[in-house]
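Just below is one structure, and these are the notes that go with it.
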């Protein structure tokens, strides 16, 4: 993800301001690039010392499933990056319960520790945010 | 009067996202709001190609962004990482756009009153 | 908060999913192919009418008109132009796009 | 649609061969460009004297709805082109019944004469084709 | 004929729509995000199992594996690699992509 | 042995379509089939940009098509109408690709035993 961290420029004054950023991930990995490029933004946001949360709902829950092996499609497996988020102090990962269950998944299927919450709770979480980015 | 940031995630013509973002930006300006930056990410980077040549009876999405940017001092930023893997470089970048890092998007989120996302 | 939906509800799950997360003060704005969710007599009409009882739903009129749907909009859905879209964004503290 | 007809080159020998081409349209107009660019291929196919049919299923039925006014979104209204297809001897336009009905549409809502057929019949039609293009 | 489906059945209607048009001799091949339609224990499993009684369904194994779904495939769905994909195209007189 | 035509409707990296089409084409060739043409339409035209520069640890989708075309005499055709409105011209076209009309797609449908579509 070296390209992702290139080009950080803080020439404008945004120092000190901390906002709550929520990244809403609703798409499956690999079929499209949104999951990967969303992760690149997440890493940058952390570098700006913002308060970052990630929500996985609908097919987005597939992004954090264990056991991805991408050699056969000749695409880079970026799922280990989710495990690296902790090192950037990004620890608020939320999975919506119904999305998980209707896909036959359970908490132990995920590659990182996530908090499984209901749609009700997810809706409450959204309300507390300053900036919501969805890809 | 508010300060808006805009994120465009899709390329011109293929998806309506760039059209809607443009018409939203224009309406916001007309109402007296400020668009401080439009950030082009994912396929959105294709909105900056100076080689774009639509049929003559069609809108010119790329030139339209350029003009809006010039007329209203909007910072038109194309994400470097997204641009490189999609073949957008200074060589084919239209004047008025600039290529920079994702930090510019985060900054836009921090500094604007609202960040509005247009995509697919 | 304001939720924008730009996908047809008969092709994708964006609208249905969005409606699960609405809270007091939430509003929904249908744009682009999302305006097909504003129509009477379709497979998703009932779901939308049900939501209308608790939350305001708006639709972007230029998108309705482009698709030839001007006579089919569900009663109670409010039509806005781009200027109205801007107002909705300004009136709500955050906006979330359901792509 | 002048650009569409540019670049017809028949330097290779495909003279005489007539195949059945079916264009399957499943997407709504304007939100994406697929409907418009599909129509451009259709016109070219007719110029090659091929046997062309068009199928409108799922959201594709919205492509041929009457009363489209696109000035407000500043995009060209291409729906009149469906009416011009007849001039290219393209007269086999099929709408799938259930797709039409679940969208609250009826035959008189369409901008061109179409044949409304069941999914069963549409499946049979697909079977008789040589080339199926979907966008 | 061969039908290829590359969309997730929980996001879009491509798979459900495709299944309506199957005829004697038809086969379905799930590729890319379409392989999520090959899984056990999901909201679309029953629909797919029902179809399996009458039509062969294949899934592209490299796509299954990429998504970490190798242990979740419905019994009876046949796994193929790109070479098997080529064979399926060659064996059927036409191929239709459900995009 | 069969003659295949391939249609690619989406750009590189953003959608998997171009990857799948490539791996399909490679497998077909390995099995002794002939790919006579790959036609790039819609956003598929972006697969031909010589300015494409993915991260060094990623596959290079554009160069990969070029090599496959050269090695196996595959005609790589980019639709002119789709390319113009998306900023692909001779100026940024990679050697090995050519820009031509939609007639080349129709011909591919007529001449090939199977036309296989990859898109979104």
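As written, the chain order gives the labels A, B, C, D, E and F, with residue 1 at the start of each chain.
The rule is short, and it goes like this: contacts are C-beta pairs under 8 Å (C-beta built on N, C-alpha and C of every residue); 3 or more make two chains touch, one makes a residue touch a chain.
Just so you know, these numbers come straight off a predicted model, no measurement behind them.
S.K.: Kindly list the shared contact partners of chain C and chain F, in label order.
M.R.: Touching chain C and chain F alike, sorted by label: A, B, D, E.
S.K.: Need the most distant chain from chain F, centre defined as the mean of C-alpha atoms.
M.R.: C
S.K.: Between chain B and chain F, two touching copies, which fits better, same or different residues at the interface, with half of the numbers shared as the threshold?
M.R.: The interface of chain B with chain F is built from mostly shared positions.
S.K.: If you average the Cα atoms per chain, which one ends up farthest from chain B?
M.R.: Between chain B and the rest, the longest centre separation is with E.
S.K.: With centres defined as the mean C-alpha position, give me the chain B-chain F separation in Å.
M.R.: That gives a centre separation of 28 Å.
S.K.: How many angstrom lie between the centres of chain B and chain D, each centre taken as the mean Cα position?
M.R.: 32
S.K.: Determine the centre-to-centre distance between chain E and chain F, using the mean Cα coordinates as centres, and give it in whole Å.
M.R.: Those two chain centres are 24 Å apart.
S.K.: Give the residues of chain C that touch two or more other chains, as numbers and ranges in rising order.
M.R.: As it turns out, chain C has residues touching two or more other chains at 6, 10-11, 13, 32-33, 62, 81, 94-95, 97, 99.
S.K.: Which residue numbers or ranges of chain A touch two or more of the other chains?
M.R.: Answer for chain A, listing residues that touch two or more other chains: 3, 30-33, 58, 73, 75, 130-132, 134-135.
S.K.: What are the residue numbers in chain B that touch two or more other chains?
M.R.: In chain B, residues 9, 13-14, 16, 20, 23, 42, 55, 58, 81, 84, 115, 117, 119-120 touch at least two other chains, as defined above.
S.K.: What are all the chain pairs that meet the touch criterion?
M.R.: Chain-chain contacts present: A-B, A-C, A-E, A-F, B-C, B-D, B-F, C-D, C-E, D-E, D-F, E-F.
S.K.: Note which residues of chain C are touching chain D in the complex, please.
M.R.: Within the complex, chain C contacts chain D at residues 6-8, 10-11, 32-33, 36, 39-43, 45, 61-63, 65-72, 81.
S.K.: Quick check: in the complex, which residue numbers of chain A touch chain B?
M.R.: Going through chain A, the ones touching chain B are 3-10, 12, 14, 17, 19, 21, 33-34, 37, 40-41, 44-45, 47-48, 50, 130-135.
S.K.: Chain A touches which residues of chain B in the complex?
M.R.: It is residues 7, 9, 41-42, 80-82, 84, 100-107, 109-111, 115, 117, 119 of chain B that touch chain A.
S.K.: Can you name the residues of chain F that touch chain E in the complex?
M.R.: 2, 4, 9, 16-17, 20, 23-24, 26-28, 30-31, 33, 114-120
S.K.: Give every residue of chain D touching chain C within the complex, in rising order.
M.R.: Result: residues 26-32, 58-59, 62, 65-70, 72-73, 75, 77, 79, 102-104 of chain D touch chain C.
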